[in-house]
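Chain IDs A, B, C and D follow the sequence of writing; residue 1 opens each chain.
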């Protein structure tokens, strides 16, 4: 019978392999699955492609994963950070690849990946360097850029509540990329602040239906990235 | 200041004009905004293009609107009904135009219309008569059909709860096309079972954010289509 | 597969029972309108199946008692359903994102015709006075990895439905994986139909006579044994 | 627009105040990171503006007291915000559906350069060692019908930012409707920049001298009068 709850973060991420493409939820620290990312650092798998809106803050979470040399390429919209040089130094040294994607195109490409849409047209980036080399098509008198979907082997996301079937709710603006990344990855791994039995989440308020979720680990008190950074923590 | 609540259905639909394209929510009777449809029959505007999943049941609601001769064309996935001959008779006589769209493509075209995506590729309908004349493109080794978005002048939808800013929740499977039609129409008109003040719907459970909604009319006890049909009612 | 007596082959409930045995524990399944809906009645007790209906419900259960019916809680066949613990609601674009995005494991549909290369025709006879109606079938078969078909082996007029090539307008090309009929179980392979199980009281040559395509016979052809209470 | 004394033209809060006067009651507005965020402080009391932030909140309010801050409730600039009655949360694809689908009324952004044909450059100097970062700007300007810019009229080095043509990499082509600077208010018309309002203490020829494009002068050129407390 279905039970997606894992006993530890190690078990939750056990299936992640060298060279994997991993979508990581979060917009800055909001929604960042920091315990799952730290477990990934402990595990040490490398050659990863990371899809996230940003490229990490301070020297914890995503920035620490990049700093550990485990990331070959990052797909994101905004890799600049006021409090982290980890990405920028690697990037300037040519040691990490960057695919820069406008934020809305990033979100739509991920959603398309989850929705079985291989490609779509968008007005975003038309006439800019980010549209160079891309097909442009006129539709009803306006020009649009062709964009392809994004999928991943793994999604790591943070939810507020999860039930045993994988239904999720989120906390406020921590929702951001979680629901669409859960759709677009072959295996979706969730850290939830609270795990409940199936039936304890009102069907009307489920944000991510359980069929998008594979593994769940309960992290009752997740680390708060900005607090760690203020305390000068660097992981590990 | 913002207040989207209307005093009557007549006021709510006052802006609908002859020749309008109207998305009508509902999957069968679930979610059908029957009081708004009946008001549209009373108003009598014609030459309408209707976008709905079906083509009406019995002789009430959408079927009655079609029967009143107000609909020039219908865009839908499933116009057959076990209890209504109104559409089929007009169709066989050539008095109503039909654009048949697979249900998922219909939903995605509407969502695209609301999301500023002019066109997308989908595997659905490839190699079938419904793909005839449409562009086919190979992407990563599989063929896909190009589909264009759908937009409308008006959306008529039924919600469970609405607040004064237009935030909506729905009841169970009556949600269906409501959220995406609210996105895809220039003017979205909602009949809600209950109207509350802004702040009375938890921000986490809002399904349709208020910026998609223009006019709201409270209908506390909407007619139930199947009951009307069982009672042999035909509207008006 | 009609309920009339004196007929060989499985009854419709027996075909539905047979199809139910092939659903893996924990899978997400969409059942088409009509006979496929019966499959839910026959899933073995030790398996948990999550049912999806394209009109926006995941995790629904059986038809409720009449007094518990809600016209806003229906399945794709527009019949009332109940909710099981862990159910969820979502809008139509999200529902078809699940379907097209490959997030369901099985869909079980009816068919007018299936061809030996897995083509499906189940939405229109193409007759000039027919009202064309496609619903969600084209999306389901395009997106769900395991497309199973439940159908009578022949039409009411005795015409084969398993074909060399479909003559009706197609629903999709090359999508059907397995067909369950009153005559047996047929896998769609690269070489065409392979009969893997046969209904009691029928011979392979009787099945071949009612099939408009060559049949490969499985080396392990089995007789279907249905429980006595179905 | 620097806060240093002895400078002519509006202060940054005054520019933000001026921009706020052009937001219509009931509209939905996205404010870019930095100076544009100040606009919210100056909306007239009799107008209700709904603020959208691309990371998934509609209807947020001012920064809360430190003890009420929630790291999961931030704006696009990653600063804590509060919620007003009638707020809602949604995921990123829905948030950008709002943006790209034309459901916002205004976005107010900063700029490195704006050209007389409405081109915007605000994400990269194109310098080889710069870390390129685009965020949501390209989506906002592609989808929001009224793109307003708030910017210093000249760079720190005194170079014009209102240009005949942008020299930096573009954010979008032909999208800017109106520019608010410390020198005045500039509409982008089919003929290029039209100055409609001018800051106290400046002459049109002084503005022209600091603008890298011809200026059409409005027949109704007004002097900007800001409240004394801003």
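Operating definition for what follows: a contact is a pair of C-beta atoms (placed from the backbone, for glycine too) under 8 Å apart; a residue touches a chain by one contact, two chains touch by 3 or more.
On a predicted model such as this, the values are computed, not experimentally measured, just so you know.
Common neighbours of subunit B and subunit C, listed by label, are A. Counting only chains that touch, the fewest steps needed to get from subunit C to subunit D is 2.
Rounded to a whole number, the gap between the C-alpha centres of subunit B and subunit D is 37 angstrom. With centres taken as mean Cα positions, subunit D sits 30 Å from subunit A. Looking at subunit C, one finds that residues 89-90, 93, 96, 99-100, 142-143 touch two or more other chains. Residue positions of subunit B with contacts to 2 or more other chains are 108, 111, 115-117, 122-123, 170, 172, 203-204. Taken chain by chain, the contacts fit none of the simple shapes, being neither an open path, a ring, a star, nor a full set of pairwise contacts. Contacts between chains, counted with the stated touch criterion, involve the pairs A-B, A-C, A-D, B-C, B-D.
For subunit B in complex with subunit A, the residues that touch the partner chain are 108, 112, 115-123, 137, 139-140, 142, 144, 148, 169-170, 172, 203-205. Put simply, subunit B touches subunit C in their complex at residues 27-31, 53, 77-80, 87-88, 91-92, 98, 100-108, 110-111, 122-130, 170-180, 207, 224-226. The residues of subunit D lying in touch with subunit A in their complex are 53-57, 70-74, 78, 89-93, 95-96, 99-100, 119, 124, 129, 131-139, 142-143, 169-173. Taken in their complex, subunit A has these residues touching subunit C: 1-2, 111, 113-117, 163-165, 167, 183, 197-199, 201, 203-204, 206, 209-212.
Looking at the complex, you find that subunit D touches subunit B at residues 25-26, 28, 46-48, 50, 52, 58-59, 83, 85-90, 93-94, 96-104, 142-143.
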